[in-house]
Amino acid sequence: MKIAVLSGKGGTGKTFCTVNIAASQPGSTYVDCDIEEPNGHLFLKPEKVIEEDVEVFFPVVDKLVCDGCRKCVDFCKFNAMGFVGDNVIIFNDICHSCGGCALVCPQHAISDVPKKVGTILQGVSGTNKVITGMLEIGQESGVPIIKEIESKLKNNEDLVFVDCAPGTSCAAVESVQNADFCLLVAEPTIFGAHNLEMIYDLVKSLNKPCGVVLNKSIGGYNPSLEYCENQNIPIMGEIFYDFELGKMNSEALVAVWEDIKYQTIFNGIFQKIMKEANNETITNS
Amino acid sequence: MKQLLILSGKGGTGKTTVAAAFIKLSSCDTFADCDVDAPNLHLLMNQETVPQTTDFYGMDKYVINQHKCIACGLCFTSCRYDAINKDDGIYKINDIACEGCSVCEYVCPVDAISLKPNISGELVLYKSDVIFSTGKLATGGGNSGLLVTEVKNALGKNTNESLEIIDGSPGIGCPVLASMSGASLVLLVTEPTLSGYSDMTRIASTARKLRLPTAVCINKVTTDGRIVNKIIDYCTEYDLPMIGTIPYDNQVAVNINKGLTIVDTDCEAGRAVAKIYENIIELLN
Amino acid sequence: MKIVLPIEKVNNEDLIGTSFGRSESFMYFDSEKDETLITVNPAAKLQGGAGIKAAQKVIDMGADIVILPQCGQNAMDLFNAANMSVKKSVDRDILSNIEKCLNNKLATLNEAHPGFHHKQ
């Protein structure tokens, strides 16, 4: 079972929810796919961490073979190549590693050389497994890292919670595609409701069952709740803003490990997800 | 023209809330929302005019003409992005995964693949007594510095002495750099959490490289001052003016849900923002 | 001397463009032949790699000197590889910058910004 946790933008408490729901289920795996700003490990503090590089191929031109025809420069849709004097110059920070330049080169002067674009860290925190994807600074796209994590999870029968990239970018879409259930985290403001709408559209377009956690509730009118009621999106739980929680968060403590109250809340959310996911399978079959 | 750019790094620190309050306080007549992933400023700006919208075209995508396709599978094996799906012997391109490199078009032996223009977002321009430019990236639209640039360009060239306020993009990536071009002063709105701090330092170092004058304020401050001190220490070390703190205040969410800025009613957070605004004006002059 | 400048129209007046890669067009000026030519910048509306594409265009135009307000790292690398001289414009007026350039009164632009396309 794979549950993807999403939010329309950063700062809604997506990492907080993913970390705590994973921590409330002993033996489950927490995966951080928010590769630009992975923060889950700050809370879970994994040990026995194994580091693994993610590599992508970049082109290299053999100057002795190149005859300066410029076909590669003209072909590159990303404009990652220049031609000066008798030399092809390749800009790796712009290159998307499509392999097109090597294909079109009549002299076969271009070959692929692997280069590190990110890291995957695997460790354990208590009974939980922790997997973190990290984008190398200066790299454009985190998709190769998320793909690598996805392939690791492919034959994993465990319970997996994925902390997705915020928003509706390619990186977020990539993590949702293989999920069994999507948990959407929403704030109680009109901003929150507007962002929830965006992410709900994404999840709907990918035909994934989903539910919402209302986070940072302060009581009173909640535009996100109103949106869920109008759209018939099931609510998985509600977490109220409180100073103690804010303090635990700013010190990067895991709330369910600190306070039994949160263990109950997050386990409750998890049970609801299981029920909702099962309902969904029954209605779909 | 002086351009104030408001940035945060981490999402949810209250960047838009502060931007909206400043727009109200300064009664400035040109402003923009560059958060094209999740634009929210329009929710507080109560524009009565109907905006002009323009389609924004992203990187071209490719499409397979099924009448011509002979199902040889060359495109499938050549695509580095796994963007070609094979279903019942029929090859189709997945728009979300396609990066537009044109390798498939190149390898196709029967010219069955061609490009199709791809609308990847829209530009929205409100024009009345004020000019308000914003934009929205489509789902899976990727990160787009160009859309941010176009949103800013839509404001037109302002030649008078007035202030222009830009609600910048979240994160640390390409759209942020695009929003930095042309800014007179950057205000970083951070929050006293470890992740808020770490993202703030990343943006500050980027702004330093571009030699942009930068000031810092801290939002959502509670009684716990440890991370606040950490932020202040950082500002002292790098000589960044720390121009104020905004207390955590439930009234903020209440106002926002009514479509009001925090300076529209008398509240603690509103008074703090007004003071920060005065400091900004002093810095700009 | 063959000089190229990025230009853009502001209120119907041609000025030096603020962003090199995304400027509307390039002005080419040959001081020996006293010849002026304006070419559309093929990179203005590109999704990515605009600086590289624009720099390539300027190099292919056969310029010795490019005058601009700021320059991205990738474009700078390409100019350096082509042994071109990169000068920093003093204001946005085209003629006065060309004149200063011919009188050797423009400073060399040594430092590039990290570009507006990738992370820090």
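By written order: A, B and C. Residues from 1 in each chain.
The rule is short, and it goes like this: a contact is a pair of C-beta atoms (placed from the backbone, for glycine too) under 8 Å apart; a residue touches a chain by one contact, two chains touch by 3 or more.
Keep in mind that this is a model prediction, so the values were computed, not measured.
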Arrangement of touching chains [line / ring / star / complete / other]: complete
Of B-C and A-C, whichever chain pair has more C-beta contact pairs: A-C
Chain centre separation (chain A, chain B; CA means) in Å: 19
Chain B and chain C: spacing of chain centres that average the CA atoms, whole Å: 28
Between chain C and chain A, distance of the C-alpha-averaged centres to the nearest whole Å: 40
Sites on chain C at which at least two other chains make contact: 46, 48, 115, 117-120
Overlap residues in chain B, where contacts from two or more other chains coincide: 59, 172-174
Residues within chain A bordering two or more other chains: 36, 78, 140
List of chain B residues in touch with chain C within their complex: 58-59, 144-146, 149, 157, 159, 172-174, 177-178, 180-182, 202, 205-206, 209-210
Parts of chain C lying in touch with chain A, wherever the complex brings them together: 43, 46, 48-50, 52-53, 55-56, 59, 74, 77-78, 81-82, 115, 117-120
List of chain A residues in touch with chain B within their complex: 8-12, 15, 36-37, 39, 42, 75, 77-78, 96-100, 103-104, 140, 143, 147, 166-170, 173, 187-191, 194-195, 198, 201-202, 205, 218, 220-221, 223, 243, 246-247, 249-252
Residue ranges of chain C in contact with chain B within the complex: 10-11, 18-19, 22, 45-48, 113-120
Complex contacts: residues of chain A adjacent to chain C: 36, 73, 76, 78-85, 87, 89, 91, 93-94, 135, 137-140
